[in-house]
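In the part that follows, the structures are each spelled out as structure tokens.
In what comes next, subunit A is part of two complexes: it sits with subunit B in the first one and with subunit C in the second one.
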Partner chain A sequence: MKSVVTTVIAAADAAGRFPSTSDLESVQGSIQRASARLEAAEKLAANLDNVAKEAYDACIKKYPYLNNAGEANSNDTFKAKCARDVKHYMRLIQYCLVVGGTGPLDEWGIAGGREVYRALNLPTAPYVEALSFARNRGCTPRDMSAQALTEYNALLDYAINSLS
Partner chain B sequence: MNNRFANLFGLSESDAIAVLDKPLDQLTEDDSRYIAASQLAFFPSEESIAALTRAIENREPSLDNRIVRRKAIESLGKLKAKSGLATIHGCLTETDDTYTIENAAWSIGEIGTEDSAILETLAQLLAVPNQSYRAIIHTIAKLDYHPALDRIQSFTEYEDKTIASAALATVYRFTGNEEVMESVMEFLFHPNVYTRRLCIQDLIDTNYYPAIPYISQAPVSLVFRMRGLRMLAEVGLPTGALQAEVIGPELEKALYDHPKDLQLIHAYDDTPAIDRLIQELYETDFARAYLATKTLIEHSDRPAVGAALLQTYQDKAREDYGAHYHVMKLLGWLRYEPGYDVLAEGLNISQPQFQKSRAAAAMALGELGDPKAIELLTPCLESPLWDLRYGAILALDKLGDRSGFDRLAEDPDWSIRAKIASLV
Partner chain C sequence: MLDAFSRAVVSADASTSCVSDINALKKFVAEGNRRLDAVNAIASNASCMVSDAVAGMICENQGLIQAGGNCYPNRRMAACLRDAEIVLRYVAYALLAGDASVLDDRCLNGLKETYAALGVPTSSTVRAVQIMKAQAAAHIKDQPSEALAGARLRKMGSIVTEDRCASLVSEAGSYFDRVISALS
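What follows is the complex of A and B.
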């Protein structure tokens, strides 16, 4: 799994050299941000179901057409909504916070996902809208510290960018 | 185009154009230019194409605008808008944004061109670091640009096997060297889920019929297997290269989707407890879910497994289209009679993301063997969904009621006709 540390070591090893000063600075930067990332990871893990559901619900509320008869969320029995995919991306974002790199999103979420959505004609807009909502609703200090929120939002942006 | 999502956001063409044209500083919280750009793919008009082109030409660098541009490029591709080609070609210089390049490459492939300047620009991107090589290779292959062959050949052993798969398939396509296709077929059983899923696309693109029995054993969601088999059939049946009696049973195997018919690639060191196995049904990598399914089918305490399935259905599987599907299947394989009501509910679920659960529920009702399901299943023979009709045929046949089969002899779907012919 790729992280700042594994990337630096892999690059140094490929070139048969020791990590350079700038390599070590980027590792140092990643370590300095680790506590903010882990705070965000912890808060997200504790609220994963709610965050995913809230984001998905916001999307449905914004586009009430989805609740019309015969459409994606019209069945009364399933009011709780299918937040499966949003939750999947949130889980990968949480892994990225722990790893300190975008490896989990790159390897499990994005690579190939774009092609699958295109091939099956699946719309990415609901995911993008839901993740954008999650990014815009994050609030400091209510949800987490300012630094933790910065780390979390950067990964939400990364996921939005890669899905679109 | 599949129009299942055509009106997902209820936006008219003029609404979508108005939102897309709105200056960025005048957007309100309710405006989504991204959705407008994706929605215009469903409106094949000059106005729509012009609006999408204007959106691409707006180079404001914020993330919100960048994703709109990308979507607009993709929508022009879906519209096969030849007049957008020059604008899209211009985007191929934006190599610091791999996703924009990817969408541009894909759209050029959809629109089609013989312009060697455009095709050579694409081929040169293969030498630029960190690009979406797979999408670029696909377009070069689709547009038959042979001068890129040497450059594509250098990707056949690429670390990312989804890219290697596209390169190998293109080498086969351009040279006829069939040996390379062995490697593509091996990717059907690769540890990486996307490698498994995407190599099926390469087997489709090359009309590689010898892969059919392997595709039907690949441990990926049945959606990918059935799509691969049906797309191969669409090309192979009319030309006579394939016979319905040969590919039909493979398709049925994929739809039936029993884990015993799959080559599973994971194994447990120790058999996990029922709760842990149930949790695996929520995995997005279906290879793991199929291993759990197989283990649950073989479990010695069937009533406990059945009860755990109903419990997880009530707790969260009814909201999760992956686990929902596996619960339907398992209730059938276990012949768990208390699951009847859940299956009856699954048979009529209307949300599109749960579509595969409907045929699964039909077949599971057949497994349960209760004749009272006949009246639920009979109307499914009229469903517009081929897989639900097929599932209902299998179930009704198991329940001993073939009374509705005659009128399916002229069904619009070849697989249904072949099945009925084999039964009558």
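What follows is the complex of A and C.
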């Protein structure tokens, strides 16, 4: 899993040297930013169900055609799956906040996503709407501190860009 | 390769739940500078630690440097010093990452079989690793033994905490123990 620490170690290992001062400084930089990320991760974990539910509701509200017969949100099974997918993205974003990089989203969310959605004939626009809603829903200081919200929003933007 | 953070993520993903134990990671972050100092203490004293560990191993078993021994001639002694440095380097990486996966994947995987095929004696290797474990503890605590180091005594001189980084000493010790159990 790619993170600042693993990248630094991989580079040092490729050169066959002990971690140098500059390696340690890179890690220190990552650690200094970590408290904001961990705050966002903690808050998101505590409210994951609500955040995902609101995002899901928002995308169905914007694309009501999804409720029509034969569409992706037309029965209870499909609705549960749609809600689960949104929650899945939010969980991966929480992982990214913990790791401090986009590794979990890249490896478990984005890789192969296009092929899956095409094979299942799912539209990506509603996912974009759900994530955009979450992107604009976060508010400081009500939800988390400004720096934490910046980290959180950056990851939502990353996920949105990967889908659009 | 994983670090403490990605390890938490991978184990949370196994149950498709969020990472819930944020407090352990916050502790990791709060003690980050200690960890970097500990890694620096090992990296800065690496060549001394390696040569002393190998010299200590040979002192206790002179047969190693006599004809037919595994540290005779110089070519094999050099290979021994190189291997000790490699082990110490991966322990330093593991300590930096806060997770043993880099040590397991890149160093210990197949090491026992390689040494068996090359005829490297396990007991001597383990002894050298044990000496490095004691040295690493001394350097992380910044309490090298004055009696044993003699004129070569070397201290990091950094500000040490009350508990002398006991948690990092035991964590580094656990990585050395991992090497020992992988070899034996």
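Heads up, the rule we're going with is that the second predicted complex is superposed on the first by the 132 of 164 C-alpha atoms of A that agree within 3 Å, B and C clash if a C-alpha of one lies under 4 Å from a C-alpha of the other, contacts with A are read in each partner's own complex, and residues count from 1 in each chain.
By definition in this document, a residue touches a chain if its C-beta (ideal position, glycine included) is under 8 Å from a C-beta of that chain, and two chains touch if they have at least 3 such contacts.
Being a predicted model, the structure only gives us computed values, none of them experimental.
For A:Pro19, decide between first (touching subunit B), second (touching subunit C), both and neither.
In the superposition, A:Pro19 contacts subunit C only.
Could you tell me if A:Ile31 is touching subunit B, subunit C, both of them or neither one (first, second, both, neither)?
Only subunit C; A:Ile31 stays clear of subunit B.
Does the superposition put A:Leu44 against subunit B (first), subunit C (second), both, or neither?
In the superposition, A:Leu44 contacts subunit C only.
Is A:Thr140 in contact with subunit B, with subunit C, with both, or with neither (first, second, both, neither)?
neither
For subunit A, which residues lie in the overlap of the subunit B contacts and the subunit C contacts?
Comparing the two interfaces on subunit A, one with subunit B and one with subunit C, the shared residues are 108.
Show which residues of subunit C lie in contact with subunit A when the two form their complex.
Residues in contact with subunit A: 1-3, 5-6, 8-10, 12-13, 16-20, 22, 25-26, 29, 32-33, 36, 39-40, 42-43, 46, 89, 92-93, 96-98, 102, 106.
Looking at the complex, which residues from subunit A come into contact with subunit B?
Result: residues 62-66, 68, 70, 72-75, 77-78, 80-84, 88, 108, 111-116, 118-126, 128-129, 157, 160-162, 164 of subunit A touch subunit B.
Can you check the complex and tell me which residues of subunit A touch subunit C?
Subunit A residues touching subunit C: 1, 3, 5-6, 8-10, 12-13, 16-21, 23-24, 27-28, 31-32, 34-35, 38, 41-42, 44-45, 48, 91, 94-95, 98-100, 103-104, 108.
Touching subunit A in the complex: which residues of subunit B?
Subunit B reaches subunit A through residues 1-2, 4-5, 7-10, 30, 32, 34-35, 38, 63, 66-67, 70-71, 74, 99, 102, 106, 134-135, 160, 162, 193-195, 197-198, 201, 223, 227, 284, 318-322, 345, 349-354.
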